[in-house]
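Questions regarding the structure given below will be posed in turn.
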Amino acid sequence: MSDVRLLTAPFDPAAELSAFTAAHPQAGGIVSFLGQVREGGGCEALELRHYEPLTLPAMRDLAARVRDRWTLGGLLVIHRSGVMLPAEPIVLVAAAARHRRDAFAAADFAMDHLKSESWFWKREKQGGEWRWIEPREQDFEDIARWA
Amino acid sequence: MSDVRLLTAPFDPAAELSAFTAAHPQAGGIVSFLGQVREGGGCEALELRHYEPLTLPAMRDLAARVRDRWTLGGLLVIHRSGVMLPAEPIVLVAAAARHRRDAFAAADFAMDHLKSESWFWKREKQGGEWRWIEPREQDFEDIARWA
Amino acid sequence: MFLGRLEEMAGRPFQDIAASAPLDWTDVIGWLGDCCSTALLDAVRGEKVRVAINGALVADKEGLILSDGDELAFLPPVSGG
Amino acid sequence: MFLGRLEEMAGRPFQDIAASAPLDWTDVIGWLGDCCSTALLDAVRGEKVRVAINGALVADKEGLILSDGDELAFLPPVSGG
């Protein structure tokens, strides 16, 4: 079973990861990725917007693809939507597996696809002005690694 | 700066990861690997032994190689020695980086090398009997990926 | 529904289409031309903007048919990052 | 110092070598032959067991020279996993 959540309020990644770990004592290894709003670099706030009928179903679909591709004991995917301040968590992915290699690959794949394919629109506040963030070439390259 | 520790008593991975994350607010992403003693599968206890003059210096040396190879904001390596029970943490590696790809690769590399090259000798208690664990072919293959 | 930067261009997140169904792509474009800016119209017509009806992506937006009560969403490319 | 399974084979984690320095590999093997089991002796001679003096790995164990107070460690292959 995968735990996939789209949250509109802040969450505590340490508590989530701790609960996930406790739920998978039979897994030898747990790989996690935590993405947070960068402090410094001039970003005052980040806003993610989603489209309810598409965003969460697509996240669940991605989780199912990850579970099909690797042998996992558990998969956790939490993504924020809404306005976030520097150092606030945006996304947490964790994969629990018997074998380390599966856990690493699953978390890496999930992040590449979440970042480039998920239905989120992002804008950033810099110097008091909001500006939309366009797709990056790097994201397409990240995804091409898994073909 | 890297934080490299060899511990002879249990540690709390969630608290460690939380402190590491708080110390690196400028990192966009943090990848962690937690290895724990598997529950089920018949292992009653795991014992790791180390050799003080070699084990920690080699861990520090590995951390330095990882820092040379990838651009990281921070690196955390915690390894237990001593007797551990099922579900107890053995090893925690975390890499904080501006770019997700660096954090994944650094944590993955660190784990492959920690597992196969570190100066730890392991034995496992099954059915009341301790038996030493021999090196595995898989470890050499894991390392060969990075050549 | 206007998602992402299209919301800014439209000046609102959503808007009722007060016209009688069924509507095809030409009707939708005509309605957008009346209600909104040329910039929005150009963006929506562009190949990068996708369309969903009631949360389901439409493969060929120019072939869409809207029924009464359908929710039409204009989706610009996602931001990635 | 006997590490890993060598400790079990030796029946103890460490043992003083009561002999006057300098000692070479032949002296060490001779001492091991007196104090310990043949199985341990064979293991220590095997190419998989490495040797460290005062925490520094020795590239060629058969060429080692021990001084008074040196700590000699026999290191079987690490477990990995």
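Every chain is named by a letter (A, B, C and D) in the order it is written, and numbering of its residues begins at 1.
Simple rule for what comes next: a contact is a pair of C-beta atoms (placed from the backbone, for glycine too) under 8 Å apart; a residue touches a chain by one contact, two chains touch by 3 or more.
Quantities reported herein were computed from a predicted structural model and do not represent experimental measurements.
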Quick one: which chains contact chain A and chain D both? B
Between chain B and chain C, what is the separation of their C-alpha centroids in Å? 51
Nearest whole angstrom, what separates the Cα centre of chain B from the Cα centre of chain D? 28
Could you grab the centroid distance between chain A and chain B? Build each centroid from C-alpha atoms only and quote it in angstrom. 23
Mind pulling the residue numbers of chain B that touch at least two other chains? 115
So the complete set of touching chain pairs is A-B, A-C, B-D
Which residues of chain C touch chain A in the complex? 1, 3-5, 7-8, 52, 54-57, 71, 73, 75-81
Where on chain B is chain D touching in the complex? 49, 51-54, 57, 115-123, 132-136, 138-139
Can you check the complex and tell me which residues of chain B touch chain A? 13-15, 17-18, 21, 25-36, 38-41, 86-87, 98, 100-101, 103-104, 107-108, 111, 115, 142
